[in-house]
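Letters are used for the chains, namely A, B, C and D, taken in the order the chains are written, and counting of residues starts over at 1 for each.
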Amino acid sequence: MLFDIQILETPLSVQDCTTFVTDESCGAIDVFIGTVRNQTKGKKVEYLDFEAYKSMAIKEMQKIAEATSAKWPVAKIAMHHRVGKLKLKELAVVIAISTPHRQASFEACKFCIDQLKETVPIWKKEVFEDGEVWVAAHP
Amino acid sequence: MLFDIQILETPLSVQDCTTFVTDESCGAIDVFIGTVRNQTKGKKVEYLDFEAYKSMAIKEMQKIAEATSAKWPVAKIAMHHRVGKLKLKELAVVIAISTPHRQASFEACKFCIDQLKETVPIWKKEVFEDGEVWVAAHP
Amino acid sequence: MTNTSAPFKILLFGITKEIVGSSTIQLELSEPTVGALKAKLRSLYPDLGTLNYLAVAVNENYATDQQQLRLGDEIALIPPVSGG
Amino acid sequence: MTNTSAPFKILLFGITKEIVGSSTIQLELSEPTVGALKAKLRSLYPDLGTLNYLAVAVNENYATDQQQLRLGDEIALIPPVSGG
């Protein structure tokens, strides 16, 4: 299996992703990790709440992995996204990609996270001390 | 401490590096991992043997971390390099960098590994079935 | 509307779930297309019109406004995504 | 060379260690500079001249050929690096 794509309600493991993609035909792995930041535009974030249209999200992540493999000489891709309430510093997404050489690993990993943020039906609500907002919903 | 820079004779831990750099001011971590590949130009590799001028290598890695922090809004950098004999798929280097936003994490991490390969006094011998070669030593 | 089809069930997520006040709704449509569905939803829930965009997925794929809806299709409203 | 200084000790790594056959050597230099050191080493060990490049570090910093060497300096030959 080339791709390990999951949406999880439990904490993500970077190690699980890097172990999955490690391949003896490859000299490079790039890993992107999205973590919960303590502020947005200067406003203090208490926690994030992620919701997914899970079955479609998995399909869209699969499409991204396939598109990435078509553009770069990728051996394996792991793409794990967390849902539910996430505290500061917790991992929201981990994407790991193995390639023979390093340049492709960076380009492919950046492509994956950029695409994920465009097309995968997952929504993030930022919860502040005095309110909450669905990110990017409004102009 | 902003930087965790180490040269180790024992297996590297991606988790150690990502845990070190995780920071609540940051939403992004990029990690580069260099792993042992099974071939070079079609020739089957049995194992790699890394040697370092350790005290100077640490200083050069520190300089790279400082240069990276001067160019991008980096919170923390972990840079671990292994020495000794490494089997296929083992980790030779792990570089993890946390930044507020993702674009900088990719750029900063790529800069670090590119620089490391240019300036840090560490040498890699590829050992084949029928011989061995110090990488990049000769034209 | 007199010439109604049987009701379509629509899945709601994120801010659309909050605007509608439910995680699913059932609607009748005189014209069974994605475009007609969006128009009807915007007339029933004007706050949907304030979103940056509003897509519709049919059977877990993004759909165009022209796409026909069929009974049994899994239909979902997709407000602006923000994963990662 | 009659006007020799006291011997300098040089650390060797990777392929330079293999070419010289030792992890350190001691040398006398009529002119205590990095350039003179490299020239003398290349004459003693011609295989060093086949390398892609050969740098010298003095006290753990890359040195230019013009740099003066002083007794007690930590001197190292740096063949082409290949970490990562």
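What we mean here is this: contacts are C-beta pairs under 8 Å (C-beta built on N, C-alpha and C of every residue); 3 or more make two chains touch, one makes a residue touch a chain.
Because the structure is predicted, anything quoted here is derived from the model rather than measured.
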Minimum number of chain-to-chain contact steps, chain A to chain C: 1
Inter-chain centre distance, chain A versus chain B - centres from mean C-alpha coordinates, in Å: 23
Computed distance of Cα centres, chain D from chain B, in Å: 27
Rounded Å distance, chain A centre to chain D centre (Cα mean): 49
Multi-partner residues of chain C (each touching 2 or more other chains): none
Multi-chain contact residues (two or more partners), chain B: 34, 113
Full enumeration of touching chain pairs: A-B, A-C, B-D
Residue numbers on chain D that touch chain B, as the complex places them: 11, 13-15, 18, 50-52, 57, 60-62, 76, 78-84
Footprint of chain C on chain A - complex, ascending: 34, 50-53, 55-57, 59, 81, 92-93, 113, 116-125, 134-139
Chain A partner contacts - residues on chain B that touch it in the complex: 14-15, 18, 22-39, 88-89, 98, 100, 102, 105-106, 109-110, 113
